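Okay, so chain A shows up in both of these, paired with chain B first and chain C after.
Here is the complex of A and B:
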């Protein structure tokens, strides 16, 4: 029934995922900093016996920051903003609440199982899809539960038109579901061999070149549907909300959304340039990567123009700073990616540190900045207290921005140096460097990257401290702030 | 149309799904059958090599090593003949990797020996001064899971028609019958090694991870092909 009374939104689930985002963010970035340091100082490989080597920890780092931190951030913001844009409270439906709680519980189980099994070495050895088949099944259940909660909320909505953010969350749900299922198709060997060997082991349904294509169709689009699509959904909600400005252009958001949906999936084969997949697929990957600049920049420009006439907010509201810098890094990253997807550039860049450099200006500068800004915006509304410290946010902003810049500049230099050294020939056409020469030369850049990790982690600890203080001891608010988040 | 879609979540979702599913169909399906075919003379991995491939996966060598030689002179000079699609037909999963913190390994069996690998896995800097690769000493004591490797061979034979012999078949009894062959293969590798623990374990009927791994690494390259008759 329609009533004029303001809805009391129920943030139980959003709060739970906020906690896990903080926890997994810290853990994931701590491991990341450690493995960055291991490349500069190899003795650090021996802290945890066989479980502490770079090779064993690297997938743990990627999985904890992706499925722990980022996905927690996605669920937290979803369970916060979906209620608001659909004009319906979670408390109105016992069913939705039950599904969401069950989803969170299973999510914790899966996260724990992921960490344990990966440390033990159970892995499919497919990047960002290491989890073995029992875990895959659990993850499918979690994802389906999210879909049920999402469409159940949509089903009981009061606001009939779906806001832009919801488009992106629906796309996130569908895209990840499709890609995850197909990439993880595997046969458990225990059942197929009449009960021989380990029950955890499975073998991929695809082999060789096909497996590579399916994997990078997933690997690339996991980036699309986890690191891009829902994050764009976040900024479409939180930037207008925090700034009090309306979105600059509806048409631009339409173009960007449908453009992104259509173009992104084609670009996956740019991970396989100069490999054994057919040439035409590689060329398609290159071309669509360049086309991808349009919808990516469309969203980013739409966000920047949303601030038109209100740029003064950039100087006095640190959350606006985070979000504006996030969309700027999004533009940088989505320009850098297509450059790397040009075949001649890729010949140098592929297999080098330029690639993790590219990934990190996206995930640190864009994804992590946006998620932290979103959680900061949500905190006063969820916990009914003002943000604990503005100064701390300001300091965190500059420390982390410095960290991101150090990260990608050092990796640019490292990557291009290594790529050029691999192919360098002397006057007789012989290779000039043995492989180890191209490793030892990178030491200073690896050291700078480790330092950047320490800085970013420091910033994250400041974020965590600020959030915990906001939850527990900051000044209480009597009414909900409309736009700008109050902070001391 | 778009306004209408935004008010009809079901059709909106269907629309999104169609738009995103399209590219995968066009790019992955057309070449699927061809890319599944092995090059002439390629043999499947032996059970010991499969167990070694599991060690390769478990210690996640792909974090730093590729198995994909690109068609550039600088790469063929360094690593040998560039990689062909059909050479990967029995690789489940593919292990191309995406980062070369260390060198490519697709043909490492052509130019490294058991002895070299043994020294290298024990202490990388002893053979490559300046190496930043960690030592993998635990592989000298951990036992490789050859039974699961056998299960994998049975699975790919029965489901994906990988050409293994008739002695690879489902069931525990078949495995017990096959096991001595795996141990014999492991003994042949261990005979070229000097680590005493490794030799003792193999003599006692267990296969240390490093033995399986070296068998796998040695197989990469020319030994992936059937012996010429």
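Here is the complex of A and C:
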């Protein structure tokens, strides 16, 4: 426990995941932009034969951005900040290092297999759980390795109190572990039938309504434990560290944590309103969704208040801009979600474009912004060079903010128009519009979304370029910056 | 009473219990700080002062401890 002057944090693993976050971010958003364009201009479906159709690419988009980009971002930030808040270096334990390297290697294998199998059309047909059973098994191994590395690191820590971010990462680990296992319980048909059909095929162990319930218990909590919990963990570390201001209220952060943990798990049935699940369960889903505003806003407001008296940083530090906007978008989407979960609103919103609109103000404005800001903050510390260009970050910020606004506003209009048109009846109770009428009306909004995709992707390329330049040719730093990240 | 109704009631009462627990937790957080048993706010410094050479904010038991050593 004696302090050791030569000891340094070891960012080997954090760097590896930074590279994959950049790679998968680009690929995932490129596919996102393509499918957005396909919805506006259907001829784009026929560029690559069966591999280029919307139906193949849509699940590939969601899986690459979730399991490629976001999860890489989670692992990168975890392996960076866990060392720091626990005050222990990964270099101190060969065991932790080995486990983490093995985890990264298997992660690369799994991610590659994911892209290949989904392009080939292998799918369990469950949203965010498309990967077939052999891949599921691999994911379990990767996740368990992460858990081992996490708890081994916690085991040798010098800082005995676990900083709030660590709580969130632990919750991410436990939550995903539990839900992933339950939702992916499936019987491989090849073995069960004594050799009939494809080895890759499986059927769920649940059926009918139960299958739907388990699926959305998972589906919604994928949002909770992948898109929310670890990202909140990130902002609790990176915003205070970048701004030099400690969390406004640590007690509020603890309270929001437990509130979020309890409430989130019960909200999943809001995906199944007006369906065959028991009525009380639908009502519960609605109510818990509304209650969810409290812990979500608890964290978001805590972050905004952390900036109290320091708002000047918002104008002169673009990373603070990214993070403050991220927590603002977090507030927007955690208000919008509960509104959509109210049964009468859901009757209009469900199955419409308002849903992807809601999803993307969260994932673009909150998740992607936060991950990019975190990686920018880490870069000077990991590569010992200042960030290549501040102007580029500023430009990226405005281009991407414009993109997010274009995305959700166009989808709000499209979604509500769609919902109203589907329900409209004339005086005799006949439907007033056929489906194709709605498609025609929505065309301009789809085109706007495709444009927003191009803008967001452009911003991401600027981010990637800035990061690569930072790694390779920016000015070298002689010592580690304490708070604000240096940039040229 | 069928299983569905039972499930409904179980959820209802669990919710009540949870609400009580949450309010209890708030009280606990503030009381223990007032009595000087714990100091949660200093834990916020873990993020700011995170050099591997810096003194840990808490060297003993998790969260608790009125012990000094922190800044």
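Simple rule for what comes next: the second predicted complex is superposed on the first by the 484 of 488 C-alpha atoms of A that agree within 3 Å, B and C clash if a C-alpha of one lies under 4 Å from a C-alpha of the other, contacts with A are read in each partner's own complex, and residues count from 1 in each chain.
By definition in this document, a residue touches a chain if its C-beta (ideal position, glycine included) is under 8 Å from a C-beta of that chain, and two chains touch if they have at least 3 such contacts.
Because the structure is predicted, anything quoted here is derived from the model rather than measured.
When the two structures are aligned on the shared chain, A:9 is found in touch with chain C, with no touch to chain B. Contact with both chain B and chain C is seen for A:284 once the two complexes are overlaid on the shared chain.
Of the two partner chains, chain B and chain C are each touched by A:258. Of the two partner chains placed by the overlay, only chain B lies in contact with A:193; chain C stays clear of it. In the superposition on chain A, contact of A:89 is made with chain C only, not with chain B.
Comparing chain B with chain C, the partner in contact with more residues of chain A is B.
By the touch criterion defined above, A:203 reaches chain B but does not reach chain C. When the two structures are aligned on the shared chain, A:161 is found in touch with chain B and with chain C. Within the superposed three-chain model, A:409 lies out of touch with both chain B and chain C [touch as defined at top].
Shared contact residues of chain A, touching chain B in one structure and chain C in the other: 160-162, 254, 258, 262, 266, 278, 281, 284.
Residues of chain B touching chain A in their complex: 2-3, 6-7, 9, 12-13, 16-17, 19-24, 26-28, 31-32, 35-36, 54, 56-64, 66, 68, 70-72, 74-75, 77-78, 83-103, 128-136, 138, 142, 145, 147-152, 154-156, 158-160, 170-172, 174-175. The part of chain C that touches chain A in the complex is made up of residues 4, 7-8, 11, 18, 22, 25-26, 29-30, 33, 40-41, 43-48, 50-54, 56-63. By the touch criterion stated above, chain A contacts chain B in their complex at residues 38-39, 42, 45-46, 49-50, 53-56, 58-59, 121-127, 151, 154, 160-162, 167, 170-171, 174-175, 178, 182, 187, 189-190, 192-198, 201, 203-204, 206-215, 217, 254, 258, 261-262, 264-266, 268-269, 271, 274-278, 281, 284, 288, 347, 350-353, 355-356, 422-425, 430-431, 435-436, 439-440. Here chain A touches chain C in the complex through residues 3-5, 7-9, 83-85, 87-89, 158-165, 236-237, 240-241, 244, 246-247, 249-251, 254-255, 258-259, 262, 266, 278, 280-281, 284, 483, going by the rule given at the top.
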